[in-house]
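Below you will find the structure I want to go over with you.
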Amino acid sequence: MRRSVAASVDKVAGPPAAFPKPPDRYRTFTALVSWAAPASLILIVAVLILQARPAITRFGLNFLIGTEWNPVTLNFGALPAIFGTVVTSAIAIAIALPVGIAVAVVLAEPGARGIRAAMGIGIELLAAIPSVVYGIWALYVLAPWALLHLEIPITEHLGFIGFLSGPPGQSSLFTASLVLAIMILPTLTAVSRDVIRAVPRGLRESTVALGATWWETVWHVILPAARAGIFGATILAVGRALAETIAVTMVIGNRFEIPHSIFSPAYTLASVIANEFNEATGDIYPAALVELGLVLILVTLTVNVVALLLVRSAQARVTI
Amino acid sequence: MPRLTFEKELASLRESLVRMGTLVESQIEAALDALRRRDGGAAEKVRTQDQYLNELLKQIREQVFMVISTQQPVARDLRHLMGIQYIATELERMGDYAVRIARMTGTLVGLPDRPLRAEFGIMGELAIGQVHDILEALIEENELHAREVAGRDNEIDRLYHRVFEELVAEIGTGKIDSDDALRSVTLLLVAHNLERIADRVTNVAEDIVFLETGQVVELG
Amino acid sequence: MIQPMAHIGRPELRTMPGAAPAKFQVDSLSFFYGKTQALKDITFQIPEKRITAIIGPSGCGKTTLLRVFNRMYDLVPDARAKGSVVLDGEDILTTTKLLLLRQKVGMVFQRPSPFPMSIRDNVAFAPRLLGWKSTKISEIVQQSLERAALWDEVSDRLDAPATSLSGGQQQRLVIARCLAVSPDVILMDEPCSALDPVATLKIEDLMVQLAHDYTIVIVTHNMQQAARVSDFTAFMLMNTDHRYGELIEFAPTADLFNQPQDSRTEAYITGRFG
Amino acid sequence: MTRNAWRRFSSGTALTVMYALTGLALVPLGLVLWFAASKGLPAVLHPEFFFNSERPTGFPGGGVSNAIVGTGIMVGMASLAAIPVGVLSGIYLAEYGVSRWASWVRLASDVLVGAPSIALGLFAYAVIVVPQQHFSALSASLALAILMLPVVIRTTESAVVLIPRGLRESGLALGLPRWRVSLQLILPAAAPGVITGTLLAVARAAGETAPVLFTGFGNPIFSLDPTQAMASLPLVVFRDALTPYKDLQQVAWGAALVLVVMVLIINLGSRWVLRRQIRLAGQL
Amino acid sequence: MIQPMAHIGRPELRTMPGAAPAKFQVDSLSFFYGKTQALKDITFQIPEKRITAIIGPSGCGKTTLLRVFNRMYDLVPDARAKGSVVLDGEDILTTTKLLLLRQKVGMVFQRPSPFPMSIRDNVAFAPRLLGWKSTKISEIVQQSLERAALWDEVSDRLDAPATSLSGGQQQRLVIARCLAVSPDVILMDEPCSALDPVATLKIEDLMVQLAHDYTIVIVTHNMQQAARVSDFTAFMLMNTDHRYGELIEFAPTADLFNQPQDSRTEAYITGRFG
Amino acid sequence: MPRLTFEKELASLRESLVRMGTLVESQIEAALDALRRRDGGAAEKVRTQDQYLNELLKQIREQVFMVISTQQPVARDLRHLMGIQYIATELERMGDYAVRIARMTGTLVGLPDRPLRAEFGIMGELAIGQVHDILEALIEENELHAREVAGRDNEIDRLYHRVFEELVAEIGTGKIDSDDALRSVTLLLVAHNLERIADRVTNVAEDIVFLETGQVVELG
């Protein structure tokens, strides 16, 4: 009893209630409008779940580990597509990361003028080119070249390693990864560059003023200061790679199996949908395809949320 | 670009200083007049008026203090403030001498009435003239004028010495009574104080030179 | 002691608080951001048509206090005030006539914030939105610029973008923009901290001029500036135990800088604080 | 080598390597542009490419006018929906950005940017095509609008946030109501940035293939009816590139070139506008 | 005039330039950013183990001049200098031993810039790059922190992140970091402009202490600060016709603030400039 | 937190002030001694030494000026500086009086040698003691002590009046020759100047009160 009285006294002594402020109708209105983005996100996921329902109820978790994709027997397992998606993204990031950081460091150097400014613009243009253009270019230019100059030499010399063995083909997991690497490079670079630029100028100047060399400045101070942000950028790029559809569809070879070598054709979640959705008839087949889409969107959303939180906290920390 | 507040303060300080100077002039005049007329009341009035001078000095010091602490003056500005304060101190001293002269009236009143030597009148006029002119130099911000005024010290000095010698000679005749002795000694002190007033003018002139040029000179 | 003649110098500097009529009556004002208390029990009166400076170390709540005077704190969610601040008979903490209040109490910020439009449009912006007559407005533009001591510098290029002005000119433009809606009070939040000494002195002179017609409240980081321009000074300090801002001393500026009553004030103004 | 000499040497080496990698990163851009130009120009140089509709293989004189108009209509409709909503949402984020709800909106838009575009296609398909029982430009516009929305929101927000807080506070301190300050003072000040953002969103939408695959679906016949299937440029590239027919591949390259040129113009143009905006905001 | 006894007060304040040995001999230094000239024909000598302040209105080239002394301008593309600046017999404008120069000439910037690592690592950073022995380094860390008057405040938490310190402490940490490589000279670019008055006074006291062992050159916006701490002051101004910075007057601080030789200096320090 | 530079300057100023005070003490002593011993050389030395005092005043003023312009002191700090300057001015004046006393020696040398009245010795000691004690009060920063020292003025005043009356009486007997007249008048002026020194001590006491408390008082 006594305790509750004390508590109520405390409440009275605490901060006062807000004075009645005149209502801010403008705020209410814009806040209502701003529902659009979150609402569409929720709606998309909800609708996809609804559409995928027949497949979900039928296959359950087996959908994720099944390796067969048979529209005739209506037996669908997504593992090969998941595998393809993950592996293409992984290889792409492995190729793009070192290059991306190097580019970001160069572009973030103060005083962007002349060649460096042009390079910056070039990298950003890379991001703007529609993926279908990358697709057609990869199909007719990159894939033949990669086969001749990368895949064949590698399989010849390193073929004894299982996942590098032949026979190489123009349309392959590797080619898809290559084009993906090119496509995510701008994301990786742009975000990393922004994070590196957010490193206070004073930090760079102090380091130089202490008699450190350019490389020491970059390696010991700037990159550590930007580390969390660069990590976030990487994950963001992974998200992009996972979600990419058209260009990959055009060069991956579209074979629904887990390949034994990265030079073999494969499939990704997105490209399965792109290729087969228009021909899918019946009830289960489209639902299975939608479920692929659902898996894809859930994975990318998760990856994105993680990445965004990382980048945000990193930028907040660096700019203190 | 002017600094409004500062300039306003400085103008008001100069005004107070001139007011002090004018008061000093009239104090000297009044003191000598009281002496001449053997008017105890007039002498007393000089003493009362001196309070105004003290008060003015106090106010000027306070205001200078306030201006320094709020306006952070440097160089020329600070010099002006400090110079004004130095001069105010000197003027207040001059006022003190005037009071001392006035005070002598009290001594003289009880003594036989004899005509005052002409030298006193002349010395008084000279001193008042010097005070007046040095104030003019201050207002005109004219360093050369100040130096010139300081140079006029000699005439008063000469008169003082003449008065001194004559009075001592008078005493030395051995033919004077105690009243006359007191009178002579008193007048001697009057002359002494008048001479000191002129001395102070020299100090004011030095302060004006400092205020205008930043140079510390001795015009003695 | 004898007072032989009217007080010399600036008699207004020596008036004790209360001698000039109060424009703001601040009474046991406390302020909270969410659950943390930022100000505690502040009581003093801001005299009319005088310059009142608020000084103190960072984090003492100077700016918070200033932003109470035109309810700028409404922009911060969870900000609450207790007590009362009476302006012309109305408690501004509870008033619902926010727009009127802010018209009456103008504000100038740390960084000059010219609107991205011409000089003329900057000054005319608010009068236009308030629907005043356009003939009257052009008159107001000139008047306001003149009062802000900017007219001579910009009269021949009223249609130039405001951003083409120098920092000091921009700040005076912002002041002119305030004046255009005929305020009674002008709040200034470190108005010179982004300016160089020259521009700073110009703004200071302007403040002294404006104080003939307006009540000015200035928050400044720069003690010397408070000493130079203000008639009254409020010294604030953060309570070290409870971490809220308190009013330590409020006095005519000359007194505060010559004879502070509180030893903490003395320590601060003589640079021996902390 | 002394320690300092070694330090200088290693630094120089690292610098060289990094510049080299940057150069390497630009090679794909050059190649894409070069091949788009060299392979696309022959197609584009025929005037009928821009005036005729698609034709099956073997029928010369095929063009992409239907696809260009289709893309225009679909992106136009998407813009009509996405831009006002996006701009207002962006303003909300900038004006009231500290609230909890705003951070959710922000996260949602950022996530939406990264959402797989093909999933948006599936969504539009489910919401419009299924009930309507046929493909339509409208459904494609829905997918594209969702695609554009987050871009518009975030660019508007960053353009408005770029306007210094002092400007907003000054406006309010003059006694102006909040909506006037926001719409009549802040938004005009941020206009170039906002316009740039919307243009970039338009460019992105115009280049997307995946969302229109099974919504707009494509239509070889010139059509202006938004309730029916409609052609689009990226779809032309995608479909025709994968055919074994040289003449269709030619059309695909031509369409790709058109896309690339459009994207380049919008990007470089908006970059110029944006730089002015930033410089202007820097003066505020 | 008689000189009856040794000069009273701080004789070092009264020494004319040249009485103390010169650390930097700046001889007709001109500076260009691309085609625009930023400094013209600057000639003066910075005395050893004294505090030299560089003052002047914004845009007069103060910071540019400061950044010549450790070749920081190398970071700016297109920047070049003409003339000569001799430090210990070597012209630093043409030296190729940049790393050595910067070790010898430390620099402190406007905003405190602690590295994102522990307090200890901040101070040990440069010595480690130089490959010094780790036993020696830990000694250096303590010594440097002591000299920067920070040891007492941080000795029990050397492994805490440097960003956990207050602004003033961070600035002193930056100074300690400079001291760790045993420089001869410390350049300071408005080191207190981001700090409150209390932290500012601490840094000022520290500067006075450090001047026993180091040559200190400080650029400051704050004239009063220059007056308070420096032994010598250089006053710079932008030439209004050609828009480059010039050195107007260089003198012992007490002289410059009491008896400036140039009327422009007088106008500036008394606040009548512009 | 201390303000290193300022405190250092203040300490050095106080030191100079004490040096001035000590010099004033020895000047008064030397002047009276010269008078007593009728030693023209010693008197001349007092005049030379006075230059040191002038120089010290000049230096203190300069240094105060420099400290104000560079350190921007306010409140207590500024009061200290101004107080020091006021006191230095007073001390220099005291030195002047000592010189005036010494100068009298020259007059006396040509006159018959008679023993100096005991009062002079006592007055001299009193004046020196006052100067000494007021400096002590300054060093101790002890306002009360300063007030007490100022209160001691009366004794010297009393002695002065006694000497004055006796001398006037002596003259008034009418039995003195011109030499004795000159001698008496001269001694009268010596007494006058000694009394003025004590007056100045009161001023210094007022300045100390101001410096320590900020109050402007009159202790006269």
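Order of writing sets the labels: A, B, C, D, E and F. Residues in every chain begin at 1.
By definition in this document, a residue touches a chain if its C-beta (ideal position, glycine included) is under 8 Å from a C-beta of that chain, and two chains touch if they have at least 3 such contacts.
Just so it is clear, the model here is predicted, and its values are computed rather than measured.
**Student:** Find out how few touching-chain steps suffice to connect chain C with chain D.
**Tutor:** The fewest steps needed to get from chain C to chain D is 1.
**Student:** How many degrees of rotation carry the C-alpha atoms of chain C onto those of chain E, rounded to the nearest 5?
**Tutor:** 180
**Student:** In whole angstrom, what separates the CA-based centres of chain A and chain F?
**Tutor:** Roughly 91 Å, centre to centre.
**Student:** Centroid of chain D to centroid of chain E, CA atoms only: how many Å?
**Tutor:** Between these chains, centre-to-centre, one finds 50 Å.
**Student:** Measure off the straight-line distance from the CA centroid of chain A to the CA centroid of chain E, and report it in whole Å.
**Tutor:** From the centre of chain A to the centre of chain E is 48 Å.
**Student:** At what distance in angstrom does the C-alpha mean of chain E lie from that of chain C?
**Tutor:** Those two chain centres are 35 Å apart.
**Student:** Multi-chain contacts only, two chains or more: what residues does chain F have there?
**Tutor:** Residue numbers touching two or more other chains: 1-3, 65, 69, 72-75, 78-79.
**Student:** What are the residue numbers in chain E that touch two or more other chains?
**Tutor:** Each of 99-100, 129-130, 198, 201-202, 224, 227, 257-258, 271, 273-274 in chain E touches at least two other chains.
**Student:** Quick one: which residues in chain D touch 2 or more of the other chains?
**Tutor:** Where chain D meets two or more other chains at a single residue, that happens at 7-8, 177.
**Student:** Would you tell me which residues of chain B are touching chain C in their complex?
**Tutor:** Residues of chain B touching chain C: 1-5, 8-9, 12-13, 15-16, 19, 51-52, 55-56, 59-60, 63, 65-66, 69-72.
**Student:** Would you tell me which residues of chain D are touching chain A in their complex?
**Tutor:** Chain D residues touching chain A: 7-8, 10-11, 13-15, 17-19, 21-26, 28-29, 31-32, 35-36, 39, 85-86, 88-89, 91-93, 95-96, 101-102, 104-105, 107-112, 114-120, 122-123, 125-127, 146, 149-150, 153, 177-179, 182, 200, 203-204, 206-210, 213-214, 217, 234, 237-238, 241-242, 249, 252-253, 256, 259-260, 263-264, 266-268, 271.
**Student:** Please name which positions on chain E make contact with chain F in the complex.
**Tutor:** Interface residues on the chain E side: 1-5, 7-10, 13, 198, 201-202, 205, 208-209, 224, 227-229, 253-254, 257-258.
**Student:** State the interface residues of chain A toward chain D in the complex, per the touch definition above.
**Tutor:** 24-27, 29-31, 33-38, 40-41, 43-44, 47-48, 50-51, 98-100, 102-103, 105-107, 119, 121-126, 128-137, 139-142, 182, 185, 189, 213-216, 218-219, 236, 239-240, 242-246, 250, 270, 273-274, 277-278, 289-290, 293-294, 296-297, 300-301, 303-305, 308
**Student:** Can you tell me which positions in chain C touch chain D when the two form their complex?
**Tutor:** Within the complex, chain C touches chain D at residues 70, 72, 75, 77, 99-107, 109-116, 125-126, 129-130, 163, 174, 177-178, 181, 187.
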